[in-house]
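Provided herewith is a single structure, encoded as structure tokens, for subsequent inquiry.
The letters A, B, C, D, E and F name the chains in turn, as written, and every chain counts its residues from 1.
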Amino acid sequence: METLEQIRDRLLARFPGAEVTLVTNPGAAAQHSLSLGLAHAAAMALFLRDDAELKLDYCSNVTGVDWPEKEIIESTKVSVPDPAGGPAKIVEQKTKRIQPGSLEVVYHLYSMAKKHGPVIIRLRTANRTDRANVPSLTPVWRSCEFQEREVFDLFGVKFDGHPDLRRILMWDEFTAHPMRKDYVEPDDYEWEPTPHGTVLDKAKAHYPPSALVAAAPAAPAHGAPTHAAPAPKEAPKP
Amino acid sequence: MTGLLIIALVTLVPAAVAMALRNVIHSALLLILSWAGIAAFYFWAGAEFLAFSQVLVYVGAISMVVLFAVLLTRHTRTDGGVAPDTLGRALAGLLIGGAVLGVLFGAVLSTPLPIGSKPAAAVTVHGLGVELMERHTIALLVVGVLLTVALLGAVVLAASDSRSGPEDAR
Amino acid sequence: MNAMPGIFAAATGADSLLERWPILFRDTVAGFFPAPLQWLVGSLISILAIVAIFGGVFAALTLLERKMLGRVQNRPGPNRTGPFGLLQPIADGIKMLTKEDIVPRSADHLLHFLAPVALLAFSILTFAVIPFGRNLVPLELDAAVLYFFAAGAATELAIFMAGWASRNKFSLLAAMRALAQLISYELPLLLSFVPIIMLAGTLSMTGIIDQQAGWNFGFIPKWYIFTPWGFAAFAIFLVAALAESNRSPFDLPEAESELIAGHLTEYSGFKYALFFMAEYFGMIALSGMAITLFLGGWRAPLPFLEFIPSYLWFGAKLLGLLLLFIWIRGTFPRLRMDQLTRLAWKFLVPLALFNLGTAAFWSLTSGWSGPLQLARWGVAIALVVVPFVLLGRGLSRGVAPRTYRFA
Amino acid sequence: MSNSGLEFPAPVGGSHVAAVHDPFHGDLLEVSMGPHHPSTHGVFRMMVTLDGETIVKLKPVFGYLHRNHEKLGENTSYLASMPYTDRLDYLNSMTNNWAYALAVEKLAGQPVPERAEYLRVILAELTRLLNHVCLAGFLLQDTGASGTPLMYAFREREKILDLFESLSGSRMMCNYQRFGGCRVDASPEWLAGAKHITDNFGRFLDEYEELITGNEILMARTQGVGALSPELAISAGITGPMLRATGVDYDLRKVDAYGVYSRFNFRVPLGDHGDTYDRYMIRVLEMRESITILQQALRDLPAGPIMDPKAKIRGFRPKAGEAYGRIEGPKGEIGFYLISDGSPNPYRYRVRPPSFVNLTVLEDMCLGQTIADAVIILGSVDIVLGEVDR
Amino acid sequence: MILTPLHLCLLLSSALFCIGLIGALSRSSSILVLLGVELMLNAANLNFIAFWRYGPNPAAGTGVLFVLFSIAVAAAEAAVGLALVIAIYRHQRSIRLQDARRLKG
Amino acid sequence: MLGSGLLQGLKVTAKNIAGSFHDPERLVTVEYPEQKTKLPENYRNFPFLVSENATDPMGTLRCVACQICEKECPPQCIYIEKSKDKKPDAAGKMQVYPAVFDIDTSVCMSCQICVEVCPFEAIKMDQVFEIATTDRFNALLLDRNQLAKPNSYYHQIHPTEAAEVDGRLLAERKAAEEKAKAAAAAAAAKAAAAAAAPKPVATPTATAGAPGAVAATVSVAKPATPPAAAPVSATPPAAAPAASPAQNAPASDGKAAP
């Protein structure tokens, strides 16, 4: 199989103006990947599928990754000339930078015809809120149909051109996206004696006291656990 | 005599109710009861074989076909509401039917009917068979042909254009 | 109004006491009543006897079926209630009786209630003409065979009522299936025994059994199953009877893997038990019919075994057929609806018609003897086997074992 | 696919759009098969639209068993996810364990001793027997065979489960594989037991096939039912026996040759029709191949440690990076995709469940078939809802 | 005058006939119309049996045979009639007689 | 010919009917409450706490409330509170013990992770399975008293494994004693002034990474006092041993974590 660099170069040659970045994987697996620009993604995916060399006819795995917005503290070493005229001092300068969050969809492609792979491609949304769109690759690989629905359901990535973009695992009325890193789980636990005070406290906070009394058939074995409950988190996003 | 009255009750009431009901399935089921009453009449009259044939054909076969037809034509617009001309039709039907009933009753009651000296002896199956094969062979053959043609015709009619499965073939 | 025919014909003096005691018992008990009531009391005793005996057979059969299915599947079967699980039917009965009777709110309440009752009533009615032993015919009718199938035809109607009244989509599908199945299998069922009637020349059960009296070569009974056409007719009858009594592999109306329980989905408690009972009664009645038509009725299979009372022979044959039904149920997968109807129309009906011809040939050549007898058998067997093979080939077109390749 | 109103850009071989549009909508019967239905293999639901008994539309609905397995995986350590993988496809915990261990080993660059690799092959092939024999039983149960084939299948399955129990301590939730090896070594008695079962399994298969494979009713019920074209199968990412029944030669044991599979001599059976009968038969034939693999593996099992000495149980923190590891599970390709940020918990933990992806074509296979066929088609897809819903 | 059993039978059959007639005339569902016709046919059969049984010269089984043929014809009629209903339903999506105005499919 | 497959099937089932009466290979079920299958030695169901002494199970628990299992437990069904005081353990060393040790068996999935991560061989898998109860909540929440079972019971249910564990523990204890002795001797030799024997400080038990041992790849030194800020959730388990040597008594020469 061609290396990812070769594939990237061919893609760039075939689609001038397209963005294709090689994302290296520092881990032991060394499964590097190609990050495709959204504008040409569908066409490039089609090319990958139909190209005689590659024949990546089998999309095995589609998944989302949430990269929330995070603060990056970069320290750069700057040599500051000593005003006193001595040798220049090396001073660490810390700059805070906010890396914008995004959602990423990762496709693992293989070839059944040529029995090679994987070629990993990644599509990255512009942000995590209003522009969380990527083009759907379901028209290229049918196997993306359910998996993209799942990514939509759990991450909230909207797939443009998906034929049937509905929730798949969560129920239709559910509004949040549980696989996002900032998802806050609901605290409406079923009230029952548990050694975990945190759960109990959350449940107590959620329900009015009267409901708890009605729902509690028996007291826990050893009284209220003395576990310190963490500060109550905010309610789940609507 | 009481037997006949009971049979008349079992036959007429379900038939009348069936013709008045809106639910076609109920009508069909009531008519089955009515047909069973007629079979009872045959039995009462000493035509055993006929009674069983009546049950077998009407209760066993025709009612099934009727119910099947009702189920196949489940969603019809008749379910929606009463058609505007229903009342008129019903009235006309009742009027004509009533008139015919009156005429028939009058005719029956006013005619002195000759009654045989003794009721006919019940026929045995064997006797019927002999009759059928000897005196009424032509009729038997004609009926056989008729049934075959009807079966084929029903198959052709009911089998739809595209998916003529065996389940349609009755 | 002509009186109902005698419930039991009078016992002949030639039979042993063991053979005659049921009738003697009835006559003795009826003798205590004034003469105008005697026939009524006699009939009531017969009815009670039938309901009690076959109720017991039903109870035993539920256990037997579960035991035997267990053995087929390498399990011991129910064995917790009583010794060897013998009290299991009673436990089941108590459970069924104490269960809540649930009727869906939108169901057609009257029909929903009537369906199991009607089903049970009709299946008990079919017992009226079956000869359970020598002279043990509850109702001696001239057209008994016709009566039997007239009463039997109404059972599927009850299934339709159950399915339709439940207002459940699965039940409705089951109702449709029950109707289609009835329409398809009534014909082969009736056609299968037409040769018997043709050769026996009577529609009376006793008459048919009488025709099967005697032995060939002194030990092969002259039952109809021991003729080529009789065997074919028996096979067709068996298949059609399986379908008529909704037994596996034709249990499509209640196909549990597709329609949950079909027409039984919305039934519980006692009504469900009634359905169950009626289904088994139907199976017993059809087996009794098969015994009468093909297996010589209550006759002993070998001359020297005739001292055993006839009703025991009937019981033994019944048990054998029921075990065969259970065995079949434990082995086969279920057919699909269209295959079921295709089997009836494209296979069983033509086969039964051919068989009619074979029987006619058999009847015409009844005078052949010696080497001609051999030719008669040969031709008759060919007349049975060749259509079977040809029609079978047509039926199983496109269905064959496959070979596989390896990468 | 008419919900969104978008026209479906037909992929290769996609008959998906052909969802029949019937102008006479009054005639159709919409039936909700499941979640409480005897033949949906768990809490699975099919919204079926019927014309008579013919299916004109079928929408699978799932998620009733959804417990956000992937989120759990992100909130627990690498090791603590291992028992959770048992519960994905609860029939095949051994292969799930292996797939997960393989992915983590790829992520951390963790070698595995040879004996452990052999043990993994033995257990995976036993699992394959287990799964396929169960499927054969369930499929026959779906066709209405009163439980007899199912009971025969379960009798054999019990024997394998007993093996698993005596090795790992649990029949179904084995939790056996570890990153860098296996948890418990197999004793000689255990290996003898495994050999005994392997040797006898062929006899059982003969009897089973005699019971049912030549059965005309089964053939009539399954041949030509739910046929799947190879093009659509490839496009839809179908894997496992279901793919090979369409005639596509793609078996990860050969393609990836993970573990020590390259050392074994076995064949990959392929079907020509892609229908339910082929899917059933491919599994039966695969069982026979599994027996030969097992015999070779049990014969060649080397001595040695079963755990890499450098492997860590506590405090396992792989370097930052990502890895996708996949193996040929009995139901198809089961893969785990992991992203590590160097912490004890994975940053992203993703399961690629074969049952879930294989369900993609359920509607395509069922359209135009009857409701009775839908049941056996679903049965032949071989799903486990623990894995579909995760 | 006295009501002989024959009179009673004839009254029964004429009542049944009229019920069938009213049904056939007033109902709009073609299946029910067909059923009404069946009832009328049955009423006629009743007459055959009544006259066979009570009539002056009961030739052996003639009435019975007549009814037998009539039942056969009725079966054929029902089969063809219902097949027609289904055929009409296929075209018109209705079994109401008023809707079946076009004979051409 | 049509029907041959069906007849073959009937033949197989007939064979099975007959076989089920005489062939134990076929009829494989057992009559459960009366008969029971023999549990394999490796069978595991629900954890229990090992105590050294059968007569006083509470006093001789091996558990030192290090809370590693609580952290590693996938379904989070273990709840531990450390004691404020210390008790001597089997080796006579003063140890913290669990004041509260609860396992919610309605949540526990018998995965054995707690056993694997325990550095003290203190929690092992039980073999109970007849645990049906009418009280869904309290009866399934097992406390310290219900969980404690003597080592002899462990030997009874897992003989091979228990013998191996005991041998390992004995070897470790011996090694630790010898080392302590050597250290003490060295200390005595070095600081000749100190005539008194070293006071019985808590010698850290170190589970040596015996080859083949499953659970012992990280040696954990038990701190004499609980760390001031016990890592609650964020710190991985490996962090605890890494941090603990610093707080150990000077006599400690426990192996550093690898």
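Quick note on the criterion: a contact is a pair of C-beta atoms (placed from the backbone, for glycine too) under 8 Å apart; a residue touches a chain by one contact, two chains touch by 3 or more.
Here the structure is a predicted model, which means the values were calculated and not measured.
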| item | value |
| --- | --- |
| Starting at subunit B, fewest touch steps before arriving at subunit F | 2 |
| Centroid-based (C-alpha) most distant chain relative to subunit F | E |
| Most centrally placed chain, judged by C-alpha centres | D |
| Most contacted chain pair (by C-beta pair count) | B-E |
| Approximate Å spacing (C-alpha centroids) for the pair subunit C, subunit D | 44 |
| Euclidean distance of C-alpha centroids - subunit A vs subunit C, Å | 66 |
| Chain centre separation (subunit B, subunit D; CA means) in Å | 59 |
| Touching two or more other chains - residues of subunit D | 26-27, 52, 148, 152, 155, 211-219 |
| Multi-chain contact residues (two or more partners), subunit A | none |
| Shared interface positions of subunit B, touching two or more other chains | 46, 49, 53, 61, 65, 68, 167, 170 |
| Subunit F-touching residues of subunit C, taken from the complex the two chains share | 68, 71-76, 79, 327-328, 330-332, 388-389, 392-393, 395-396 |
| Subunit B residues within the subunit E interface of the complex | 1, 4-5, 7-8, 11-12, 15-16, 18-19, 24, 27-28, 31, 34-35, 38, 41-42, 45-47, 49-50, 53-54, 57-58, 61-62, 65-66, 68-70, 72-73, 76-78, 83, 85-86, 89-94, 96-98, 100-101, 104-105, 108-109, 112-116, 119-121, 123, 127-128, 131-132, 136, 139, 143, 146-147, 149-151, 153-155, 157-158, 160, 170 |
| Subunit C residues touching subunit B - in the complex, by the definition given at the top | 1-2, 111, 141-143, 146-147, 149-151, 153-154, 156-157, 160-161, 164, 172, 175-176, 179-180, 182-183, 186, 201-204, 337-338, 341-342, 345-346 |
| Subunit C-facing residues of subunit D, complex | 29-31, 37-39, 50, 52-53, 140-148, 151-152, 155, 211-221, 223-224, 249, 251, 254, 267-273, 277-278, 281-282, 285, 370-373, 375 |
| Residues on subunit B engaged by subunit C in the complex (per definition of touch) | 3, 25, 29, 32, 39, 44, 46, 48-49, 52-53, 55-56, 59-61, 63-65, 67-68, 71, 122, 124-126, 165-167, 169-170 |
